[in-house]
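We call the chains A, B, C, D, E, F and G, going by the order they appear; numbering starts again at 1 in every chain.
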Amino acid sequence: MSFIELATNISVITIGLSILIIFFRLLVGPSIEDRIVALDLLSANAIAFIAVYAIQNKTTTFLDVGVILAILAFLGTVAFAFYLERGTRR
Amino acid sequence: MLNLILIGFAASAIAPFIYKPLKNYFGWIAATFPLYIFLSFISRYNQIAGGDIIRETFNWIPSLGINFTFLLDGLSLTFVLIITLIGVVVFLYAGAYMKDYDHADRFFVYIGIFMTSMVGMVISDNMITLFVFWELTSITSYLLIGFNHHKEKSRKYALQALLVTGGGGLALMAGFILLSQISGSLEISSLYDLNETIRNAPTYTAIVILVLIGAFTKSAQFPFQFWLPNAMEAPTPVSAYLHSATMVKAGIYLIARMNHSLGGSALWQDTILIVGAITMLFAATLSFNQMDLKKLLAYSTLSVLGTLTMLLGIGSKLAIKAFFIYIIAHSLYKGTLFLVAGILDHETGTRDVSKLGGLRKHLPITTVIAALASFSMMGIIPLVGFIGKETVYSAILEVDYWGLFLLSISVIANALIVMITILVGFKPFWGKLLSTPKAPHEAPIKMWLGPLALAVLGLLMGIFPNVFIGRLLDQSAISIISEKLELPIKLWHGFNFVLLMSFVTLLLGVGVYYFRTKILHIAQNLKIKNIFKPSEWYEFLLNGMMSFAKLQTKVLQNGYLRNYIIFILVTAVSLASLALFKVENLFRITPDFSITFYESAIVIIIVLATFMVIISDSRLKSIVGIGVVGFTMGIIFIIHSAPDLALTTFAIETLTVILFVLVLYKLPKFLPFSKSYSRLRDIIIASSVGLFMTLVVLYITSIELQSELKKFYTDNSVPGGKGRNVVNVILVDFRAIDTLGEITVLAIAAIGVFALLKLKLEDRNK
Amino acid sequence: MTNQIIILPIILPLIFAVTMLFFWKSVKIHRYVNLIGSTISLVVSVIIMIQVLSDGIISLQVGSWQAPFGISIVADLLSAVMIVITAVIGFATALYSIGTIDPGREKFLYYPLLQFLLMGINGAFLTGDIFNLYVWFEVMLISSFVLLALGGTRGQFEGAIKYVTLNLLSSAIFLAAVGILYGIAGTLNMADLARRIPFIEQKELLTAVSVLFMIAFGVKAAIFPLFFWLPASYHTPPVAVSAIFAGLLTKVGVYALIRFFTTIFVHDIGFTHNLLLISAALTMLTGVLGAAAQSDFRKILSFHIISQIGYMILGLALFSPLAIAGAIFYIIHHIIVKTNLFFVSGVVDKLKGSYDLGKLGGVYKYYPILGLLFLIPALSLAGIPPLSGFWAKFVVIKASLEIKEYLIVGIALLVGLLTLFSMTKIWNEVFWKDDPKGSENYIDESYKQISTVKKYLMFAPIILLALITIVIGFYAEPFFNYANAAAEQLIDSSTYINSVLGLK
Amino acid sequence: MSFLLALIIGILYGAGTYMILRRSLVKVILGLIFLGHAANLLIFTIGRLTKGAPPFIPQGAETLAEPYADPLPQALILTAIVIGFGVQAFAIVLFKRTYQTVGTDDLDKMKSTDELK
Amino acid sequence: MFSVILSTASRYLLPLLLIFSFFLLLRGHNEPGGGFVGGLVAAAAYALYFIANGVDEAEKLLKAEPIRLISVGLFLAVISTIPSILIGKNFMTGVWLDTNFPLIGKIGTPLVFDVGVYLLVLGIALKIIFSLAEEDR
Amino acid sequence: MNQLLLNILLAIAWVLLVGEVEFETFVEGLIVGYLILWISRSAFGGSKYFSKIPVTIKFILYFIKELIMANLKVAFDIITPKDYMNPGIIAFPLDAKTDLEITLFANLLTLTPGTLSLDVSSDKKILYVHALYVKDADSFRSELKNGLEKRLLEVLR
Amino acid sequence: MTEIISGIFLLLGSLFILLSAIGILKMPDLFTRMSATTKASTLGIGLVLIGTAIFWGDIGIAARALSIIIFLFLTAPVAAHIIGRAAYFDKVPLWKKTHIDELKGKYDEESHDLS
């Protein structure tokens, strides 16, 4: 196993672990904002996962998905915030 | 003959256009139409009486063996002549009678179509064509019974008649189809030599029952007789024409017509005989406490129809002879008396016998007509009714074993008919003058001319029976029992037992008339209740059907969406499992259990997120959860080499979130709606759905996929599709039309959202 | 290149719809485009039918990708007649809509939606690819969703909720079934499937997936016990919409059932077609009893759709050439008649302001022509000869008797009688009974406001469809021959397979 | 991973089924979304899985060598996803308008069109 | 919801996202992307702008009525099918120009079709979002 | 001027995205960029745009340094069990005037670990900042004023 | 050589990612979580992407990686800002040790105007 293989394997596990931890935060909240932040972070981490996975599988086509994911995660978060603010306005 | 039928329908259709301007002469004009048909047919009288059979065929639906095959033999000619002759009288009469009715033009349309259909039916040789006309008579009868449709009773009884005869019609159709399967043809004439084969066919019993149900319902035989008295809601010309002279005889005609091919078995003969006899007696007794002119006549008609059926059941030569004479005689006098009842109703404003009396001075012609017809009906020499009754008695006497018994009930029934005759034909005219709602006045000529002609004809036929009936009799009999009668008709048979019986009948009838209130009283004291009330069975069936229908609909169509869903899912899963679990090695599939760390992470996330959505008490939490599920799906797609799918999934998920966000804050909080029982039920259903799908996936993925498509797409993507993204080439080239449909869906959805949000109409049905 | 024409019934409605969208603010243009478009579609469909009659099955490989790799569009006799009938109904509805649809709905793209609906329906009838069929089903469904909810009254919404949810459920089942079938057979082309299935070993799996298709199409066709969405919703939208739904939508489900269970899934008739038979019986019964229990004009008609579907399924289930011919004949007849009955109900509603039998009455007295126009389709539906419905029923019953399914004959006959009962119930209450409002000739305000031209447009399609009913009834031979030929094509799928796959 | 995916498919179908059987409209929508996911994943899995070899032909090449993922299920799912989205979007708005009109999202209070009079 | 920060960010993100959406559209035939995703990203750009600046601003920015985009999109999709018929090929057969273009590769009717998809998707996403947003105004 | 610059930038972005450094690609990018600018022209007021490139680069370097330092600081706090945090929400009076200035400042502030720009007052004069390590509000304010804000405004003005 | 540099970046990046994940688990309230961890994550992802770009050594890939990084750096703070602001409106509780709150009472409940 070359260094890069080792590095990617470790990275995948580390990122996977992080994702699980963040997901735990998403599950427990407590506030809805916590969950949204967690969701945002999840998608950001997914980008990292995709990048490493692309190296592991020697294909580059996945990276574009990362760009989109970044854009959309942001939009999603904004939308949630938009919702939350409207909900609090009287 | 097809021309005549077509002319008949066409003539009926123009009635509304010419009725108004010609209202005052309409009876005369209308009468020319049956007269024309009558003349057309009577011109063939000699030919038919000479033994010819006229056959005409016009293709209709040859591939189904359905054609307009018309066959004119003695039997059908007899019926055609009765139908059209009485038609002339009734049409003329109706011209005057219906004058004060609204929309009398519609009346003539119906009755015109009716008459044409009736003619068509009796001359049809093709069973389906016959059935077509048969049903047309039912429908026109419905429209005519309900002619006074502002009255609830009219509507109700019209429907009753239609349902009973229509239901019988359906049975008849099934019988016909079964019958045609034996001969391979729908032509009745093709069955003539097959009597033996038919009787030995396994479907014979079914055919007999089905055909007889058709006949019995139409001819109001027990236990279907109840619709006929109720049909008296119709205007009187209808009662006279349809419900005494013609339509109700269609069933009798059918039995006679099919006797040739279906008859000869005990099943056929006995059924007809017994049902006929029961109807004869039962109907007559039902007349006992009636005071309505038309009801009285209706019961007597029923009794006669029973007698006619019984005669066919006896099936001897003499019986057939009696059948013919009686059917003609009855058509003449009963038609007449109905029309007389109509005159009384029309001129005095009541049909209640107890309110009528002493009208002879005011209605002298009617009195004469009534007397003539009544004598015939009572069987008094020298009217045709006398010959009829004599022959009937003689035919009954011939029956083995229980001839005497049949004769005695026949005498009782006829005595009751005598009583009815006195009530209808004499009581209103003789004795003390009773006051009536309208000042009595003789009817106009259009109303009495026809009845008078019929009454006189009854007299002439009695005196010269052979001139009018005799010649056709033999030919008609051939059609029924395939042999000639060779029995001459005579008015006078000498003093014999039968004459004695006629006399007894008359005496008994008069006696019953005088003591009828007392008899009724005794009967009531004895608590003799009529236990046979088929009309109640009808009500029971109808109400039962309605209650069941309501119950069923309330249970099934109960308004709960989830119940509908459960129906669908449970059906799907149970039936599909039924098929799937036949697989022997289904549970021996060994899936690939190798799992990497991130794969297990994915499973954990997607499963927990799913449960988060399910158990969540807040909408937003659910949305977050479903977002996680969606994003995880995207990751699964990436891992398994589907970047385009992942892109799309992410995009769609985000858009869905935006949508929810825009929509949701107006929606209420989740409420804990469901009970734990229903939750348990839903969990069971949900688990079975999930389990089924899992099994299917496991099973299929354990099989190798044989597909040529995968290779074709990658091979042709660059040279043919000019693209390296095979998925995209599939979308915009190989399967571009899918995408065209897909974007159409999107466009429609957008229009829908737009319209839903912007268009807010007032709710009219609030 | 003449086979290119068979794409037109799909593309033309799209072109018309797009044209209307370009002028999306002008209702007038919509009306004209819709009317002219429907006429063109009608002509094109008839040409296609004539061509199919003379040349046999026509197939078109879209994008020149040979089958089974691309998508095949196929017109056999069954498809051809279905698109012709669709065009007829489209044309009739075009006229009727101008007469009856309120300006609010017209403004919100009612006519483009109508064309989209027709596009989806024609696509479903013409495609030779199961996934493409899914796509057309969805086009049809979403158009129907919008048309159903367009206007936004409470009843519409409540109906639409059920309609939408249950139809989406069935779509999900359909989609899963398509996926599973691809996973087993490795192809999506119907002809290719028909060719491959006999050689597939996993017969049980095929049967299971065929059941899923049966359920998915069964929901669309509204058979027992999957029909609940129909009575919950069909009486809620404007009547022109009800009418086109009633005529066409369920028939797409029936069409799909016929297509799949004659061409593709005939490997286990003992199981699949018996299921269909049981369902047919229960569909007929529950439908007709449902109708008997109702007292709303359109609800009665809605339930009768179900019971009549039972007859069509019966024809399919019996799986003899005559029975399938009967089913096809039944479809043709029923589409015309049921659409027309809804049209009539709409006129009555405009006239008297209600669909409630209790509130209606007195129509026949003053509008005998309307009465006649009701009676023709109503009696036809009830199977009164010699109207079209009689032959339909006759053939199906004849087929059942030939196969000795006596119980089902009994049920079919009983249902026929109860249908007659329902139709006369409407007749009694709406036409014969006096108007309970008491006034001699009560006419709803809204009717008085309708211009004469619109009234003509309202009646024209009713008369047209009534005439067709009569023609089919009195001149049944060519229709029946056609149905027979179509049934033969279905039973012997080899011509279909060869034509689509370009085999010898 | 097809075993795990089979499991996930089952769970998604189960969840979807359970949710569409709820009384609240919003939950029904969520159920429909689940069913959509489930169906897509089903087609995906049944079309057989391939890791790390997307169906993209390298620049300059004419075709691909095995193993690579079957592009057809992907294309089908793409179409299905998009269609599903269109329909869902409409359904969501429909449900919202229904809530506004009827005044509740309790399905048990939406039975009027089925009621027998 | 007004926030200077979001509003300013959205102004600068808009062109970035739009260019990315074009990129996805044109390149989709060879790499991940395509009309559908491209259209959605474009819609995302406008959606972001709408959330940050309100629906009126967003509609002003778009200039075209979304329904117009939908009809043009559908129109392009339909138009792309015509050349095949004109040159006597089967319906929807791809017709290509011979020259190669950077990024896009060959230009042909499938590309026109994809552009139609792009516009349509953009149109429908915006129609839905704007309709909902206007509802609440 | 700004428009042209932006257009060129977009063209460069295009070339980068395409990954083919060729003249045609650049021209393509210019056309696409022009289209986009035209489409989104009303999004821009009259603000200046990237004029001081060297200062900018210097600033970027400074910021990356800050970013890494702050990250390490927070990371340390996370992995050690003891909390050193002293959080508070501070009102920070802005010198930044234009929307762009305010936005950039607020965002860069957020990017530096330990601080989070919560909101800008409606009159755009005060930025409210949540910070992890605030001993006292005034020293926090002046540190920020002389650090990030000053350097940023140097770049922007 | 590039593989080793790339590997180091990957490991470093994933380490930051893990740290931020632990942070989000450990931090006491929403604001501290956001303030501390979002950027750690951003930095970590940035490092991973740089590693990726180095690994492929392709300008197209590098451009893509760079665009993700730029985009993340542009959007992450904006996202944090609007979530933080929404959370404040939503009365998400501050950690008990938060000793200064100069925002308190500055919002208009009706219009969300901030003075």
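Keep in mind that, in the parts below, contacts are C-beta pairs under 8 Å (C-beta built on N, C-alpha and C of every residue); 3 or more make two chains touch, one makes a residue touch a chain.
Source: prediction; values computed, not measured.
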> Compared with chain F, which chain's mean CA position is the farthest off?
Replying inline: B
> Among the chains, which is located farthest from chain A on the basis of C-alpha centroids?
Replying inline: B
>> Using Cα averages as centroids, what's the distance between chain F and chain G in whole Å?
In response: 14
> Distance from the CA centroid of chain B to that of chain F, rounded to the nearest Å?
Replying inline: 85
> What is the distance, in whole Å, between the centres of chain B and chain E, each centre taken as the mean of its C-alpha atoms?
Replying inline: 62
>> Can you work out the whole-Å distance between the CA centroids of chain A and chain E?
In response: 26
> What parts of chain G, by residue number, touch at least two of the other chains?
Replying inline: 20, 22, 34, 37-38, 42, 58, 60-61, 64, 67, 71, 74-76, 78, 80-82, 85, 112
> Listing for chain D: what residues touch at least two other chains?
Replying inline: 20, 25, 28, 38, 42, 46-48, 51-54, 56, 59, 72, 76, 78-79, 82-83, 86-87, 89-90, 93-95, 97, 107, 110-114, 116
> Out of chain B, which residues touch more than one other chain, so two or more?
Replying inline: 550, 553-554, 557, 559, 561, 565, 569, 639, 641, 643-644, 647-648, 651-652, 654-655, 658-659, 663-664, 666, 693, 700-701, 705, 707, 709, 713, 720, 724-725, 731, 733-754, 756-758
> Taking all chains into account, which pairs touch?
Replying inline: A-B, A-D, A-E, A-G, B-C, B-D, B-E, C-D, C-E, D-E, E-F, E-G, F-G
> Which chain D residues qualify as touching chain A in the complex?
Replying inline: 51-54, 56
>> Quick check on the complex: what are the chain C residues that touch chain D?
In response: 131, 134-135, 138, 141-142, 145-146, 149, 152-155, 157-162, 164-165, 168-169, 171-172, 175-176, 178-180, 182-183, 188, 231-233, 235-236, 293-296, 356, 358
> chain G touches which residues of chain A in the complex?
Replying inline: 2-4, 6-8, 10-11, 14-15, 17-19, 21-22, 24-25, 31-34, 36-38, 40-41, 44-45, 47-48, 51-52, 54-55, 60, 63-64, 66-67, 70-71, 74, 77-78, 80-82, 84-85, 87-90
>> For the complex, give me every residue of chain A touching chain B.
In response: 12-13, 16-17, 19-20, 23, 26-27, 29, 32, 35-36, 39, 42-43, 46, 49-50, 53, 59, 61-62, 64-65, 68-69, 72-73, 75-76, 79-80, 82-84, 86-87
> For the complex, which residues does chain G have touching chain E?
Replying inline: 67, 71, 74-75, 78, 81-82, 85, 112
